[in-house]
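Mind looking over this structure? Questions follow.
Just so it is clear, A, B, C and D label the chains in written order, and each chain counts residues from 1 on its own.
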């Protein structure tokens, strides 16, 4: 049942596509139909570069259904260089080595599986900058 | 996740246990915490005999999830001899031969499976009286 | 009574919105209503939605809808009363206004069914019936309607194919409505050959579930003279859930009481009303609704429809944009969609669906096979 | 203000009710409240419930609760505002009363989580956060609280173990409450060794989800002098959902505004209030709530709790029956449960949990990690 949902989210998930308001130039992630700053409805797609800095980090050991296979993993808030803060998992780093203030950049990874036979959803995670 | 639910329902499902109001003698199916006739909270379990008469019948060909394996089946409203009307499937009868006004009695059958690997739920269906 | 003014209306098409999430649909309809009510900012957002929970969609939906619309620091509530959710959301908004807690309230009804498979949606819908004793034993709204339909045919001695005329009325009106899902006339032959869901109930007896949203901005009655459409009556009544009671009695007591109360508040009788938007989630429910509201005597709704009594231009125009049956069954959005359609009729903005000289509208939304009824009268 | 009287209270225990369905829990608590309000029959039933949809339970819940309680021909609505559902249900009931639409309304909060497995419940709960961008990326309320907790520790330069005192306050009070789920004092050693959920957040930082229900019968303010507890202030505010905003700002603007508005209606300041029932869904949320309501300056909630400031007998008694943390987190029931507990305090019927001479109570319920806040002041 989540195939339509995943399909709808693929631009945001795979290319960090959000929106830029043509009126007030606000940048927002993910895509919006209305500008959160000025309320306008004239928005263009905007792909974020993917660079950012961690604001907070937590090492998850008990995960909600759909994510249990990945524990332990580092959950983080990443402030993108363009401004918006994104909640995402970190990758290519030992969870206990992750900390606030790390430079990270977006990569594409497997995010979750919806049920044992559900579709596998790919999307953004963030890895330390310069990691292989 | 439906194991607790099924367990909770087993008296009603397997023995047609409802409630008898100790104040106004009303009989109700399934069990209640409050009497629907007088609002009293003094209720005793009451197992219905299982005999009844069909009030309406419909042959189901497109079933909700969990019941698809059983189509076509006859869904019916059965007025129990003690009064309450129960919604249930018929068994041991060709769906197109089922009709309103049939004498039926309660039998125990497999009702549904909750998901491919979920528990199988057993409960009441109704078969024509005198059927083998 | 003068409960509130309708100062903004927004609607999406009813259909398959593959590119829109449930929240997106709220924003699309809500944003359009806000645009119409320009210059006023609501301080509360009430959302009606029926299936979002069972289908695993966004919860606390009104919060997210408000936020995505740029409305911050507002009161938000999400109402989940099965298929009556939209009507209930309007009702809760009216209470907030009449209590003096807000001056402007945005009401959104929204539903997103096409992310799930049809058998899953039918199972989700069934949870609005008795989840243990009905849904748990294979009974959904279609099976329930089928059991009642069989009784209706037997009790009132009517020809099964007479139900065609209720579906045909809805289709005839949907054919005029560019936002309708089944936007074509329904030939009698197609109705007769429609695949059986639960004999005697066929695919063409059911309303097609689809995606959609509608929104209205409601305002406290203005002291100044205003051309805004007024909500002149409102009543919500729940009683006696269960397929058994429905099929045995072949009546909708909650709908009867709710309609009578709302009409009485508005100082109108059913015969005075120009437009009827009813909850035709199936031809059977349409028949019982027509009778509950008093448009035809018990057992005579099919004859009345066959005589063209419900057509635009007929005696009691109903389902004027196609109803649930052909505009599309948007579940929790239905009640708000109906209000929007009724208001468009009274504004004279119904386009090809216009009922000439429409002065009042009765809008009724039902949940749990009619056990919950919400009726509004617009004037 | 005098918005309504509380004329009946009912509560189930918080815990694992294997023999009770969601509807049963509504009936048990609702029936007890009706028994207390004997002689008056409500004409509306509002139910708050958070997870029943996602967990596939009975929909149109208020209809079924009303019907099983023998209440026919009543208005019913089900409100689903995540963990704020119970507070929202009270709020909707107040609007119906203040609008003059009803004289007596039964409000029920109910939740049934133990039919599902814990990882499924956590995933269901996560749908109250952004279902796509947070839940869909592995963030639930516990992970969200963990991210904010880490920031709180860094920003306010506090020792992680200081959060113990918020949990310990709740446990100390729950130990006195026979209806509590975790009815024992929490030793500091046990808190320190608690298994990690999402470092730095441990099992002992979270409130245990469980089953439970509570109900109140609300009445329009009586003209006659009455000993009934009054609802003297009410405010619902939603703004800015998202873990990011919560963790970056370390504040709960919706809770602040909602508390300030409700207190102002009641003509009280926080320092005048005898009892505080807050939404301590985690120690982190407890800290931010204590600060939002004004019981401690930003960053000082932990110190305040460590000094015993929140204890019964302390400066600002809070979570007096154990809070969500130890009475048990009954999700959509929480808001009604808190109102019932506050009212028992003001009646002087709180037994071993009694705050001596309690004259007013502030009750605050939060949804979606504080983005939705509903506050009531009782007096």
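To be clear about the criterion, a contact is a pair of C-beta atoms (placed from the backbone, for glycine too) under 8 Å apart; a residue touches a chain by one contact, two chains touch by 3 or more.
Note that the coordinates shown come from a computational prediction; the quantities given were computed from them, not determined experimentally.
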Message = Over the chains that touch one another, what is the least number of steps taking subunit A to subunit D?
response = 1
Remark   = Outermost chain relative to subunit D, judged by CA means, is B
Request  = Indicate the whole-number Å distance between the mean C-alpha point of subunit B and the mean C-alpha point of subunit C.
outcome  = 31
Inquiry  = Can you work out the whole-Å distance between the CA centroids of subunit B and subunit D?
reply    = 38
Task = Can you check how far apart subunit A and subunit B are, centre to centre, with Cα atoms defining each centre and the answer in Å?
result = 49
Remark   = Note: subunit D residues in touch with at least two other chains are 21, 56, 67, 117, 120, 132
Key: For subunit A, residues contacting two or more additional chains   = 5
Complex contact set, residues of subunit A against subunit D = 5, 9, 30, 55-68, 70, 73, 75-77, 85-89, 95-96, 100, 111-112, 121, 123
Request  = Show which residues of subunit C lie in contact with subunit B when the two form their complex.
outcome  = 117, 119-120, 122-123, 125-126, 132-140, 142-144, 146-151, 154, 195-201, 242-245, 247-248
Key: Contacting residues of subunit C [partner subunit D, same complex]   = 21, 45, 50, 52-54, 56-64, 66-67, 72-82, 84, 88, 91-92, 94-101, 127-128, 130-132, 236-241, 253-254, 257, 367-368, 371-372
Subunit A contact footprint on subunit C (complex, rising order) = 18-21, 24, 27-28, 31, 55-56, 67-70, 114-117, 120
Remark   = Residue positions on subunit A within touch of subunit C in the complex are 1-2, 4-5, 7-8, 32-39, 41
